[in-house]
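There are structures below to look over.
Presented sequentially are two complexes of subunit A, the first with subunit B as partner and the second with subunit C.
Up next is the complex of A and B:
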């Protein structure tokens, strides 16, 4: 063992540090398309103090440090671009508090979506959080770090809008609290009514600090959930349809998808609508409002509600929706990546057109899927392509297609979500220079030795 | 191209106009009915083309051998009058397109056809079917394509049905028991109406079940339950087989409640209504229908068509009435369920 490895072992114990090639191989990559790069060390801490000690060591030795949840962001954000330490957060998985009446939970920085969900189901059946469709191992802190979206996003915004406080280890190794927990034992706000410092961390991909605790807002969990699918062949009308649906304020989540396979989905756009109720009456009332909001399109024969067979419902109502992960492996070989710009809903027709063009041009399997953010305030449009990881030529075609998506997204007024390093550069090139200057100042001050997930959000001289 | 056999002169001197007079969704007296049918047959406009909800019932009401519903469908298609949103029609056309994924059992001269209803792959078992199984046929290649008449889209079945008939022919089947009565209707009613020849004998599964139950009479334990029967749209294409419902119930000791919406007065399950027209019509009809079952104290609602059961099953269950398919009811009567 090297000196660094020994020093790390002293902090976390021998079992939780490695510089062996088999671990380095695994931690060098994610399931997406970015080239791999091995870490020098992998470390799996268990406590805030251990994290502080590791960061202090990294700071002192000027070693890069990359926090990692489940590594499922797919855009290379946990690949240690400059080597150094990958800090796997999975052992930091305790649920520290659930405040039922205040509707929040405080969890550690490596707690998975699945763990919180099952804890709530078991102990607090009237509470829920905004679950994304990533596999259940995905972590809450990482999802918020990349401004993820989940089942409650149409109602309450990005998952990062639904947090109520952070505890963060800074690049110096100091630990600090953000929001109400900075001065209170109660976690109810990430900033307001004080200056909101959460923005110094959220969206930075770990390049400014490591989240060790996070307050997650919880919401009422109704006893029943149901789903309907409205289908249309008029992509140009999808924004109007979404506008009407969001106006009802009756829908839990709105996802729109279009894909050529299986045949039942060919040639149409599918607006999947989830809604909830505590009683049959509530559920039926919402269903009625939702259906009626689209009457004018039905009358004009521009769209209709398909009959969702009872056998299909459990798949659709699943949280996370496992069919998304199954799609990830349609080409076998387990390759899946999507570029998902955050973009205005009125750009849906352009996005739908673009994915079709690219799938044809590069001969790729595709699925276009949008999740509505807020009451039609924006959407995440996922240009998803599947590929076989053993087929380098197919991977190259996918890379090219995704690059075109990035260019298209910027031209169309979109902003990259969980941007790859290349996309980060593209975004910074286009960004208002004063804003960029501000980002540079923040990064320089918060990470003066450039050790925090280096390569990400690095402002060029 | 196949064309519909429809004789406008038969309508011209029709004393009843039964097709539209009996219609549960449109308002017409005898004079209006005859006038509108003649108008449509002569290519003129009619309110019927705008308002018909595609319940198929007029095919049963007309006792003079004409095909009022097929005519309405033809004329709508000619004039480009859509019943369903385009996306719904497209979805069904795509879904049922042959893709080489059909499934065959050990097909003999007599076979069961499951059409393109995967439920039957699970349901057709036990003593009732053992003298034909495992001779079965399933898949898009054997799907009757009748559903498109709901969508005023005869082009699809005109294109596909002859191929389907050919596929059956290639299997060398002589008798086919159709477990979905829409398929039976396709070969016994629609194909002849369009002059398509059917080179095998179609058998309605109710007739088959009735005969099998008679053979298995010793096993029957009267069920002593009260049931409401949900008659599907497709039953209008094989009205001569409808008596088997009562015959089977008699045989297995089931009381068929004499409710308002049965036999000729049956109401649609609402599945097609909601896809084509949205919330109100479908729900109004469904509520009326279920209320009628409740009023007559039905304990079970017996379905003929799995699609109706998908649409209405959970709703009747919420009203305290158990949904059950006819096959399961019969299996229950011989102690298999």
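Up next is the complex of A and C:
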């Protein structure tokens, strides 16, 4: 073992540090398409104190440090671009508190979406959080770190809008609380009514600090959930349809998907509407409101509600939807990646058109999926392509298609979500220079030694 | 390598390491080591890298592959169409390693002992029938069933007690059965799991020949591991026998009455053996037996049935101990989970689980609060 490995072993114990080729190979890559780069060390800490000690060591030795949840962002954000230490956070996965009446939970920085879901279901059946469709191992802190979206996003915004406090280890190794927990034992706000410092961390991909605890807002969980699908072949009308649907304020989540397979899906856009109720009456009332909101489109024969077959419902109502992950293997190749810019809903037709063009141009399997954010305030449009991991040439075609998506997104007024390093550069090039200067100032002050997930959000001179 | 055309299809989404309801990570090796490399997805990616010469066979790689308990949690929860093959893929990789001769020393010793002595304990075959002394059980000569005990039940002290208890109970229940005694040979389930396919085939053929020579039609096994090999793998080599785990014979007898039970108030939780549960989908028989005891309250652990957490003994780890040791060893985690139910008895139906969990109770210093009992031991203690 090298000196650094020994120092790390003194912090976390021999068993939880590795500089072996096996871990170096695995943690050098994520399931996406960005180039690999091996870490020098992988550590799996168990406590805030251990993280502090690791960060202090990294700070002193000027070693890069990359926090990792489940590594499922797919855009290379956990690849240690400059080597150093990958810190696998998933051993810190305790649920520390659920405040039922205050509707919040405090969880450790490596807690998975699945674990919180299961805990609430068992012990607090009237509460829920905004679950994304990423595999259940994906971590809550990382999802918030990248401004993810989940089942409640149409109602309450990004998942990062649904948090109520953070605990963060800074690049110096100090621990710091953000929001109400900075001065209270109660976790009810990430900022307001004080200056909101959460922005110093959220969206930074770990380049300014490591989240060790996070307060997650919980919401009422109704006894029943159901799903309806409105089908239309008029992509140009989707934004208007979504506008009407969001006006009802009756829908839990709105996803619009278009994909070529199975054949019955081809050429159509499926507006998938989830809604909930505590009684049959409530559920039926919402269903009617949702149906009627689209009457004019039905009358004009621009679309209609498909009767969702009962066999399809468990797949759709699953949280997270396991079927989304299956997309990776439709070509029996185990790979998919998506670029998911955040963009105005009125750009839906352009996005739907673009994905078709790219799929054809690069001969790729695709799925277009939009998740509405807020009451039609924006959407995440996922340009998802599936590829065969054993086919280098196909992987290259997929990279090219995704690059074109990035260019298109920027031209169309979108902003990259979970941006790759290349997209970060593109974004920073286009950004208002004063804003960029502010980012630079923040990064330089918060991470003076440049050790925190370096390569990400690095403002060039 | 067999399945080489599949390994690249793993997306490493991680559903494989969870329970179906996401209560907890449920892959025993991942739960202990906590590096992604020790999870099913990690193994898939590393096997691929190894086949592509991007990593080499090393002691670490061997530990990663041989710490898999073949518990089939990944098979149960992987979302892809190749899920059924996950454990087979890991076994195929082990087979390659065995063929290359680069395997962990305890695996090598285990396989050598089976080859040389016919059992992992380096004990003479003459001692195989010792467990039965004083029970009055007859050698097999055409009784309805052959009672197959296996290496663990024959030689391990804790498991011998279980074998005696099961045999005694079945006899009391009027089941007509005989044993092979010193003629019994290793079933080979762990040999196969450890990747020695040739030796497994040899053992299977040897056993099948013996079953045929003795005209065995029906077998009751003590050990779910043997049950699995006989039921699922032996037919490939021409076996034609009906195979039952002992709980499957006892369960219907509980209702029909040959065993009369007294009231026996106690709180019991049941640990599903992987080779009875996930591998063979038998979750009901053990529970039917326990529920038949008047006054016995059966409580489930957080993870049970298809989500049960393995004791860490599967896939040869019972013998090689690659997965054992330390506070986060699967067996110790499991007894803590059992304790959380408030049960005073942890019921088992597998001699390997019995030993693993009993040792874990001792390591956790829980002897005063939790006892490990085979189902037959519980029933015997509750007989009127």
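The rule is simple: the second predicted complex is superposed on the first by the 461 of 461 C-alpha atoms of A that agree within 3 Å, B and C clash if a C-alpha of one lies under 4 Å from a C-alpha of the other, contacts with A are read in each partner's own complex, and residues count from 1 in each chain.
FYI, contacts are C-beta pairs under 8 Å (C-beta built on N, C-alpha and C of every residue); 3 or more make two chains touch, one makes a residue touch a chain.
Note that the structure is predicted; figures quoted are calculated from it, not measured.
Q: Given the alignment on subunit A, is it a clash or a fit between subunit B and subunit C?
A: Partners fit side by side after overlay.
Q: Based on the superposed arrangement, let me know which partner A:125 touches: subunit B (first), subunit C (second), both, or neither?
A: neither
Q: Quick check for you: in the superposed arrangement, does A:267 touch first (subunit B), second (subunit C), both or neither?
A: In the superposition, A:267 touches subunit B alone.
Q: With the two complexes superposed on chain A, say which partner A:336 touches: subunit B (first), subunit C (second), both, or neither.
A: In the superposition, A:336 touches subunit C alone.
Q: Once the structures are superposed on A, label A:390 by its partner contacts, choosing first (subunit B), second (subunit C), both or neither.
A: second
Q: Given the touch rule stated above, what does A:304 touch, subunit B (first), subunit C (second), both, or neither?
A: Touch partner of A:304: subunit B, not subunit C.
Q: I'd like to know which partner A:90 touches here: subunit B for first, subunit C for second, both or neither.
A: Second partner only.
Q: Please work out whether A:232 is in contact with subunit B alone, subunit C alone, both, or neither, and reply first, second, both or neither.
A: Only subunit B; A:232 stays clear of subunit C.
Q: I want to verify the contact counts: of subunit B and subunit C, which reaches more residues of subunit A?
A: For subunit A, the partner with the higher number of touched residues is C.
Q: After superposing the two complexes on chain A, what is the shortest C-alpha distance between subunit B and subunit C, in Å?
A: Scanning every C-alpha pair, the shortest subunit B to subunit C distance is 18 Å.
Q: Show which residues of subunit A both subunit B and subunit C reach, each in its own complex.
A: The overlap between the subunit B and subunit C interfaces on subunit A is empty, containing no residue.
Q: Touching subunit B in the complex: which residues of subunit A?
A: 231-233, 263-264, 266-269, 280, 287-288, 291-292, 294-295, 297-299, 301-307, 309-310
Q: Provide the residue numbers of subunit B that touch subunit A in the complex, in ascending order.
A: Its residues touching subunit A are 82, 84-88, 90-91, 94-95, 97, 99, 271, 274-279, 283, 307, 310-311, 313-314, 318.
Q: What residues of subunit A sit close enough to touch subunit C in their complex?
A: Counting only subunit A, the residues touching subunit C are 15-16, 18, 20-23, 25-27, 31, 42, 44, 70-72, 88, 90-91, 112, 114-115, 117-118, 121-122, 135-137, 322-323, 325-326, 328-329, 332-336, 388-390.
Q: Looking at the complex, which residues from subunit C come into contact with subunit A?
A: Subunit C residues touching subunit A: 8-15, 17-19, 21-24, 33-37, 42, 45-46, 49, 54-56, 58, 60-61, 64, 79-82, 326.
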